[in-house]
Structures are given as structure tokens and as C-alpha cells.
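Got a structure for you, questions after.
Labels for the chains are A, B, C and D, by order of writing; each one numbers its residues from 1.
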Amino acid sequence: MNLGYILLIPLIPLVVFLLLGIFNQRIKPAISGYIGVFGLLVSTILSCYAAYQYFFVHGKVNGVYQTFVEKTVWMNFSDTLHIDMGIFIDPISVMMLVVVSTVSLMVHIYSRGYMKGDDGYTKFFAFLSLFSFSMYGLVLATNLFQIYIFWELVGVSSYLLIGYYYTKESAVAAAKKAFIVTRFADLGFLIGILIMGYYTGTYDFETLNDPEGNAILNWASTSFMGLSVLTWGLILIFIGGAGKSAMFPLHIWLPDAMEGPTPVSALIHAATMVVAGVFLVARLFPMYYFIEDGFALNIVAFVGAFSALFAAIIAITQTDIKRVLAFSTMSQLGYMMLALGVSGYDGHEGLGYMASMFHLFTHAMFKALLFLGAGSVIHAVHSNYLKDMGGLRKYMPITNITFLIAALAISGVPPFAGFFSKDEILVAVYEHNKLLYFVGVFVAGLTAFYMFRIYFGIFWGKETKYEHKPHESPISMTFPLLFLALMSILGGFIPFSDFVTADKAGFEAHLNYPLAAVAVVVGLIGIVLAWVFYKKESDLADRLANFFGPLYQWTSDKFYFDAIYLFITKKILFKRVAAPIAWFDRNIVDGTMNLIGNSTVKTSEKIKGMQSGKVQDYAFAFMAGVVILAIVFVYLWAE
Amino acid sequence: MDILSLFITVPVLTILALVFTKGLRQARIVSMIGSLIQLAMTINLVFAYFKERDINQDIMVFTKDVVWFEQFNIHYAIGVDGISVALLLLTAIVVLAGVFISWKMSDLPKEFFISLIVLSIGVYGFFISLDLFTMFVFFEIAVIPMYLLIGIWGTGPREYAAMKLTLMLMGASAILLVAILGIYFNSNTDGGPLTFNILEIAKVNIPFEVQKLFFPLTFIGFAVIGALFPFHTWSPDGHASAPTAVSMLHAGVLMKLGGYGVFRVAMYLLPEGAQYWSWFFIILAAIGVIYGAFSAIKQTDLKYINAYSSVSHLGLVLFALLMLNKTAWNGAILQSLSHGFMTALFFALIGMIYERTHTRDVRKLGGLLKVIPFISAIYVIAGLASLGLPGFSGFVAEMNIFVGAFEHDDMFYRIVTIVSVSAIVVTAVYILRVVGIMLMGPVKNKAFLSLEKVTWYEQLGILLLLIPIVGMGVAPLWISDMILASLHPFIHGVP
Amino acid sequence: MERVIFYILAVIMIVFAIASVTSRKMLRSVIYLLFVLCGIAGVYFLIDYNFLAAIQLTVYAGGIIVLIIFSVLLVHQIEMKLEMAKTSKQILTGLACVIGLGVFLTTIYSHDFPVVENSLTTTTSAIGTKLLSYEAGGFILPFELVSVLLLAAMVGAIIIAKGGKLTDRNDQTI
Amino acid sequence: MIPGISIYELLTVTSILFFIGVYGFITRKNLISILISVELILNASVINFVVINKYMYPDMLQGVLFSIFIIAVAAAETALAVSIIINLYRQINSVEVKDIETMKY
């Protein structure tokens, strides 16, 4: 398989970024928009072509999808360890290429309308291209270090884009928070990489993931505190992934990241970057699965399940629609982690893996659609808050329909995409652990409920008085909505299990009707409840909120996790660590040095007095000296 | 004249030319030409080095040896390997950038540029010397002009800062001199003629007891200028008071003498001593790394923030050197280079901001991204480079250091490594804090709205420094391999 | 007889020496010094160096003392009280002197001087011959040197004493 | 030599005189008093010369001759010192030691 053109996929956005970044001031905004869209379009076409080539033409040999690697040494650490740069083609990376390209292209097109007239129009497209480049690099990474490199780059593009409205204090704070929290998680990732590199002697995915390879067979050779060091490494790497994918308790940055422009939220914080954590676990899946019998994988499963539940509960009470979507994203990411966590490796055992990837795919489509739809709404009413909306279906028909499709998809209503992927996740979980299954089903119900809560809140319900009459968005914004809606409908029918599986061999997946029925029924219950609460103009919701009182308050305040983090950083790290250290430095360390200097000066002041200029004093000193010397040499030292 | 001695001769000629100049315009033109020639020579040296390396596998190439003090066998012995070539390149670039940044140095311009170039002579000489004594002489040549540069052209409590800096560095020099003499008198164990030549001494097996005694002296003597905790306190005050170009040169180049000296003298000549003492200094260096980062969080003066950040980053250099393996050493040298460019860039930017807003207090600044976009954007880039973002030099260096440090398989090393690694988070905190307060947010002061845009010489200075940062970060292979190859002979000394 | 005289002389010398260095009146101090010098001359007589005793009396008691008295008269009101050093300093110096004296005395007493019993009288002519002898062991050179020294001292003293001119011309003051 | 008086007693006396002179030299605050003390010291040493000459080497004259020289030198020195003192008094109107400490620091 010829990989040369795949190299172009990440490089084109990079060139676009450099072009727009360097000639920022000299390019007319309209042109820069076209440059950005055009660049991405080429990348998308190439990605689709690559996917076609891989899945249908060259990829499969003897029923197993092959891995194609092309790489070059980027830097040498030592004789054995080095960082390579290259491209790594296997089912999940190709699938990710398609996902990233599609969503990114849609977001680019959408942004031309959404960002129109903004000061930093060119800059915005430059950053988007930078992000696309980094994300492509991430999914194509051949080794742990390469993925880490692009991991950081997507982090920084996310930082730049969240802080895009940099004159707004809250955006700056959110950007900073996102970067630092993920950076903290990356610390775990980095240490994990170091552990992996040291104990296995390689960073290459190919070598690491080989089930017959050294790393997996010899995992038990070194242990630390009762677990294999590789398990520790995997757990630490998972921390990195959890940071990017906003898993509990590193999720706090994601809701705040909604301060960025809405297309950014759709691209980075819903469809692509946040799934990097899931992708990372999937990328190292054989290691997770084989080492220490999947100990680390169990952690992934439980963290995923808990995050899914936790986020879904919070999502119910949020009033900012973007935040609802953010928590929904976190919840769905938890789903994917959960699916990975319960997956096996061979054949049908690997259903969870495949379901997770499937859900990643469908979720990217409908969640991007939800965000873009929300963006369209926000564009129309100039507010993020549910209270400022209502009855918009009359003014924004396309947005209304597409949003409804996305909401149905995420709620798992057949035949929309979410139904298929979610069903497979639930089947996989059911086969693995019943408790987690119930959590999953419950979350599915909650998801349907909060999605339709905002759907009804926005498009139905009581009509708010609008200052400007809301109107449908321009074609540049509605086209992506329609396209993504199409994907949300059709996406579910892709036979994913043929393409993307843990052992790369593919298997026949069937719908498990009883379980599917349960999930659908729970979803519908959620929708109906939402109807009851929010469709009618009733105070039922308020009464319920009052009934739960403090519990509602807790949830609405996101269980005070922000406060806890704030306490740790501001009160403990800043006040109790950094400030004392700064004080210590100025007063103790520097004080010591100054003390040495000052005492020298003082001593010399004192000694100076001895140089009185009086001959008699010198005579006295002379005589005393002679006497002392005489005593010493005549009596004490007289041999 | 051989290729290396030109590095001393050209600045001397530049100084001679400067003596006959009048006024700022002539002085800066002459210094610029001198520095340009120097940079061209350095680039030429890089290519010549690669060519020479193919045919010459000695530890040092382009060597030359002239006796200048026969009684004590002191030679003017010079030569370079990949490490010194890299550091010479750093020096040449930073000096030229420094000249550009000082384009408008209006009081006593001639004297200012002369001092600057004298300082650079010391640095060049230090990097090419192979004779301990000559090296020491150049070291002192580099340190002394600092006093004048800060004391005369500085701001704030400049006499205090200059005095503190000079005294601490002189104190270190005194310790260093003792160490050098200690090495000298043990440089020939069978009673033959004593020597200062590094390569000669390296062949001799200095007794363990002697190494044990003199390693800490050598290490501290050099590490004070490399801002080893707790001997770093000259650095914040010194940098805060120094004029921009001097801060750049000092943090960018002069502080590298410490790491280089530790590497060339302490590690190379006293390997067993290094082995014996490493745990102790590793603790100090690791404290320095994390401590500098935390201190930087609480500072409000931009220069202080950067000075503490230097403490942290250079702590990492010493930390890596003490790891005593090739990967970490490679990281240490790369970190020296990377930090040299980055911190020089930072100080240049801080100087520009200060020149325009007349304050360095971050709390008084705000929204600069709107009013001086070029400088602010570069500041963001420099900040991202400083926090070790891939694509910039800092990442390459730090990863080498961490991977190298991780090669030690015992609890102590693991803990100190993880502590040092965690500094990357703290670094992110203080960098983003400044970026958030100073560059982003609303414009706090109406007067800022009419700030002067960036000028061509400032842009030149910035680009000079930015290009190597990005270059090293994107394509580290050639420089990293050049250094790695040069590390071979050194690593063999370590037991 | 000599013993008694010696002891008397010794007591006189010591007492007046102490008085001389502690007296708070300038002139008295000089006079006490005169007594000490006379006592020393007495010792010379006892020891049979008559010529030396004569010199002591003429040069010291006669010349130097007069010189000092003149200078006292020139620069002081005679009755002016002298300033004394701080008590602590006096005690400290006294202590150092006593210790030094102790060192001297113990050294002297622990040393066995090879004393030659004799009662030779040195004649003045012998001194004169020796002083002007230019044979081996002769003192002609030092003698001449001292004469030059005295001349130089005389010239110097005159120049310095009338040195006002010098400073006036150079417009200098200390 | 003095019948009945040993060299020790003589040396004791001269030592005492010497230290009295030293004491005076250090404690007095007046240039003339210091001069007096110096005379005491000189005399103490002169006696030593003479005594040792007489007691130990009676057939030689070196001690005596040196005494003569010392006296001559002392005379010269006193003359000079007095002239300096007078000159100084003319200049600064004082002969106190504390007024002439320009050697200080």
C-alpha cells in the first residue's frame, strides 16, 4: 500500500497554518476562510480515499487487516531508544482519519458563517488548521512519544482556541485551566511512557502491541508494590488519556472549555480531541488486555462507568446549553471507556472494543451536530442560557430538525446511529459485568432525558421575547448541519465489526434484541419524562428541583469539584506552597547570602577601628605580640 | 591564524575598532558587523567541524597548543568537539541578538558595547579552551564585565545587584581555583611534570581520595554560575537590574558556563568523585528544579519570573549531568542550548515590553496581545517553548533528560526524577499565569493603546533567537547526534 | 657600702622613672627624668666608668633635659595638666608590661652569665684610643658616622624647626 | 663591677626601667611625654651594654663605646624630635597624639 499521499493529510493543514499564521495581517479574511476550507477539503478527500484503499483494496490480507508503518528517526535517545516520526495505518487510525476529516471539514465550513466579521478571523482558521494537523499527527502516530508530541500539540491548540476571545477574563481562565489540568494528566502519561520505554526498550506500538512480543509476554518480570511495572505504566498512561477525555476526576476543564467559540467546542471538545484518550487506550489495547490479565483495563472500565453516570447526573441540572452538551460529551466518553474496559481480544470477545470505536464514530457525528446546532441557536439569540430560549422551531426549521435527529441519535432511538453503537456497548457490558450494565442502561435513560430537556427547552416551550427576531442561519452553517444529520442517520448502518476490531480480523455482530429493547424503552422513558417536565409550560420541573433541594443544588454546582480544585490550587498550592517558597527564597536563602555580605562589612567596620593611626596602639600591639611570642617560644614550646 | 583563535581575535579587533568610534550610530554598526562576522565564522565552523569529523576521530578537533607560562606548564590549548561547537553557535547568535536589542542604548554606547564584547570574548575563550588555567582565565574575563554592565547601565538597585552577583561568582571562582589547583597537583601521579591540559589529565587516574575531595569544590565552583540551589540568589537580583542585552547574554550564555564547566572538568576529570557525590547534588538540583518553578509562580516582576524559571531550567541541566549517562547528558547540553535561546528571547521581549510600558509588574499590565500583537504573540510562543511544548527545543531537551534519568533503576533516582518531571506542570502554571494576566484579558491602561509597534531591529533580534528554538524543536536529529557522538569519550570515564 | 649605694640608686631610679611616666604635670615629669638620668650616672660611677658617667651627666642631664624643658616651655603652659590614658588601657598596658618583665626576669635568672670577677678601671684614654683607632677592632668609622649623623641632625633640626617657610610657600597645611 | 652586686640585680633594675619606659610610651598622650619614655628605654639599654661589658668582658670596650654612640644618637634623635614637636605645635597648635592620627584607616 502506498503511504505517500497519507503524509499529505497532516501536512496540508500544517502548511495552511503556517501560511495563515505568518501572513496573518496581510490576508483578507474572506480568502483565509477559503484557504482553510480548501486545505481541509483536500485532506478529507485524501482521508476518504485512504479509507477506501485500506478497507476495501489493500488492507486485508488473509482476512486480517494489516498494519502499515512508514517511519523515520526523529531523535535518538540512546542506542536502542529513539523517537520516530511516521505514519501508522491500521483500522482505528484510518477510521479516526475519516472522523477527524469529516468533522473538521464541517466545522471549517460552519465557521465561515459563524465567525464572520470577527477580528481574528484569519487567526481562527490558522488555529483550526493547527489543530487539524496535530490531531492527524496524533491518530497516525507510530509510537508513544510521537503520540505524546501531538498530544501536547492538540492540547495547545485547544488552549489557543478556548482562549480565542482573549479579552474575556473567563475565557482566559478556562483556557488556562484546560491546559493545566490536561498538563497534569500528561505528567502521568509522560511517566507512563518513561516506564514503558525503560522496561520494554521500545516506544513502537507495533512492538509493544504484539501479543507474542517481548513486552506482553514478559510483563511479570519486574513488579512494583504488588503490580507489574507495566501495569503501573498503563495506569499512568490512562491518567493521561483520562485527562484529555475528561474522565472523572480530571473532567473539570471540559465544561469551562465551552468558553471557546462554538465550532471549536464541536470540533475539539466533542468530536475529536476529547476522544484522544479513548483512542490512546484503544491504541494500546493489546497491552491493556494482556498485561496482568487486564488489571489496568478494569480500572478503565470503572472510571468510564463512573464518569458516564456522574456527568449524566450533572447534565440534568445545567442551564447553559453548551455545558449540558459538555457533560453529555463526558458521559458518552465514559461510555466508550467502559466499552473498552469490558472488551476481550479475539473475535466476538472483542465486541466492546469494536463497540467503543463505533460509538466514537457515531458520537463524533451527532455530538458535532448537536454543538453546531447549539451554535446556530446561540448565533441567533446571542445567549448560552436555556432561559433566553424557547419556541425557536418556528424561526429555525433546519436547526430544529437536525437537532432533533442528533438528540434522537444520542438517546439511542432506532434507526439513528447512536442506537446501534450504544446497543453494542450495552451488550458487551452485559456479558462482562451486570452491575456496570445497569449503570449503562440508567445513563442511557438519563441521556435521553437531559437531551430532550434542552431540546424542548430550546425549540418548544414558552416563547421568550427576543430583541432581534431570530432567523435561520446562513447556508454555510446549515449545510454542515444537514450533512452531519445525514451521517447521524446513516452512520449506524455501517458494518463496523467487519472493519474495526481488536484482533483486526472482523466478526459478525448481531443485534441482541432483548437488550436493545430494554435500552430503547429506557431511552423512550427518558424522552417522555422530558416531555412531561419541559414540553408543557408547567412548574413540575421547579417543584421537583425544590423537592430534591440540596441534592439539586449539589448537582447544579457539579458536586463542588471546581471548588475543591480551586481550594487545592489557590489555597494549598499557591498560598501554602508557592508563597512560602517565594518567601523562603527572599528571606532565608537570599537572607543568608546577604547576611554573609553584611557581616563581612560589619566585621570590617569593627576591625577598621584597630587601625587607629596612633603609634602607641601599634606599639602596644607590637609589644603584646612580642610578649606572647616570647611566652610561646620560651615556655610553652621550649624543647 | 587557525579557525578557533579567530574567535578570540575577531572580538578583540572589534573592540579596537569600537575604541575609535564616536556616538551610538557608529558603535552599534561596528558591533553589529563584528558580531555578524563572528556568527558567520561560527556557522562556517559547524560545517568545517562536520567535515573534519569525517576524517578525524580525536576527542577534540582543530586543536592547537602554545605554551604561555612555562614554569607552571600553562598552555593556550584550544580545540572543540560537538558540544563546544553547539555552544559557540548559541553564543554567537545571542550576542548578535543582544546587539540588535541594544540598538537604542543611548548612554555611553561605546563603553557598553565594548564591555559586551569583552564578555563575549570570555565566553568564546571558555568554550574553546582545553587548558584548565586558560579556561579559568576566560571564565574570569566573562564574569568581570558583568559588574560594570549591571552597575553602570542597570536599573533599580543596580549597585547592590552587581555587587551581589560579582561577589558570589567571585566566591565561586575562589573555590574553583582551589579545585583546579587540586586537580593540577594530582595531574601526574608518578611524579612527572604536572599539567593543566584537560585531555592529558583525563588519561591519568586521579586517586579516588583526591577525587572525593575536589569534586564538590569543582562542582560548586561551576554550579554557582549555573544557579544551583541554594547558590542561585544572585540570579534574580542580577537579572532584574541588568539592562536587557546583558540579561540576555547572562542568562542565555554565561549561565551555561556552569553546566559546561561541570561537564568538561568535574565529570570528565573526576568521574569517580562524581559517582560518589552525585546523590547529594542530585537532591540539590532536584530541589532547584521544583523550587525555582514554585518561586516563579509567586513573582510579579517579569524579570524575576524569568530568573526563577532559569533556576528551574538550569537545575534540570545540573540534574541531568549528575545522572551520568549519555542520554541525560545529551539532554543537559540540549537544555543548555534551548534554555539559552529561550531565556534570551524572553529577556529581549521583557525588555521591549518594559521599554514601551515602563513597568515590569505583571499586575499592571494587561491585554497586550491587542496593542502589541507581534511581541505578545512571540511571548506566547516563547512561553509555550519554555513549558516544553513539542515542536520547540525545550521538549527535545527535557525528554532526553527524563529518559536518561529514568535509566537508573532504583527508588532514589525514580523519586527525584518524578519530582523533576512534575516541574513541567508547575512551569505551565507560571507561564500561563503570566500570559493570562499580561497578554490576554482587557487592556488595563489607556496609555497602552498607543504603544509603539515593533521595530525592524527588534524583529531581527527576535527572529534570530526564535529560528534556532523552532529549528531544534522540529528537527533535532543533527544537533542531537552531533552531541551524542561527542559524548562517547566522556561517558567512558564514568565507572 | 657600694651595695647600699646601689640599692639607693636603684630605688631612686625606679621611683622617679615611675613618677616620670605617671606625673600629670609636664615639667615635673621632665625633672623626674632628670633624677633618673642622674641615678644612671651614679650607677656608671659605681661601676667604674667615670667617663661614661660624665657623658651621661653632660649630654643627657645637661643637654637633652634642657632641650626637652625648652620644648615644654615653648609649647605648653607649664601648669597644664596632662591628659591621661583610659584606665582600662593603663591596666592593660601595665599588665602586658608586668608579664613582659616576668618573661625578661625569668629568662635572665635562668641564664648563667659567665661573670668574670675583676676590678679593672677603664681609663678615658683607652676609650679615646679605641674610638679613634683604625686598626682591626677600631671604632673610627662609626665614630665618624656618628659625627656626620650629629651634623645632619643639627641641620635637620634647624630646617624642621623653622619649617613654616616651606609650608607657607607650598600653601600647605597638615 | 660593683662589689656585692650581682649582674642579676643590675639587669633586674634595667628591665624594670625598660618596662616603665614602655608603659609610658604606650599610655602617655603627649608627644613630649612619649619622648621622655623613649629616653627611659634607651637608657635602660645603655646600662645593659655597660653592665654586660663590665661584668663579662672587662678587658674589652665595645659596650662602652656603643653606649657612647647610643647617647650620641639619642641626642640627635631628641633634637630632631623636639624640632618636629615645635614645628607641629606651630602648625596645629597641639602636641597631643590624638590630633595627629592621619595614619588612621
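Everything below uses one rule, namely that contacts are C-beta pairs under 8 Å (C-beta built on N, C-alpha and C of every residue); 3 or more make two chains touch, one makes a residue touch a chain.
Fair warning: this is a prediction, and the values are worked out from it, not measured in the lab.
Shared contact partners of subunit B and subunit C, listed by label: A.
With centres taken as mean Cα positions, subunit D sits 67 Å from subunit B. Averaging Cα coordinates per chain places subunit A and subunit D 98 Å apart. Each chain gets one centre point, the mean of its Cα atoms, and the points for subunit C and subunit D are 4 Å apart. Centre to centre, using the average C-alpha position, subunit A and subunit B are separated by 37 Å. Touching of two or more other chains is recorded for no residue of subunit B. Within subunit A, contacts with two or more other chains are made by residues 620, 623.
In subunit D, the residues that reach two or more other chains under the touch definition are 22, 26-28, 102. Taken chain by chain, the contacts fit none of the simple shapes, being neither an open path, a ring, a star, nor a full set of pairwise contacts. By the definition of touch given earlier, these chain pairs are in contact: A-B, A-C, A-D, C-D. Residues 73-78, 81, 83, 145, 148-150, 152-153, 156, 159, 163, 166-167, 169, 172-173, 175-176, 179-180, 183-184, 186-187, 190-191, 194-195, 197-198, 573-574, 577-579, 581-582, 585, 589-590, 592-594, 597 of subunit A are the ones touching subunit B in the complex. Here subunit C touches subunit A in the complex through residues 92-93, 96-97, 99-100, 103, 106-107, going by the rule given at the top. Touching subunit C in their complex are the following residues of subunit A: 620, 623-624, 626-627, 630-631, 634. Contacts from subunit D toward subunit A in the complex involve residues 22, 25-28, 34, 97-98, 101-105. By the touch criterion given at the top, residues 608, 611-616, 619-620, 623 of subunit A touch subunit D in their complex.
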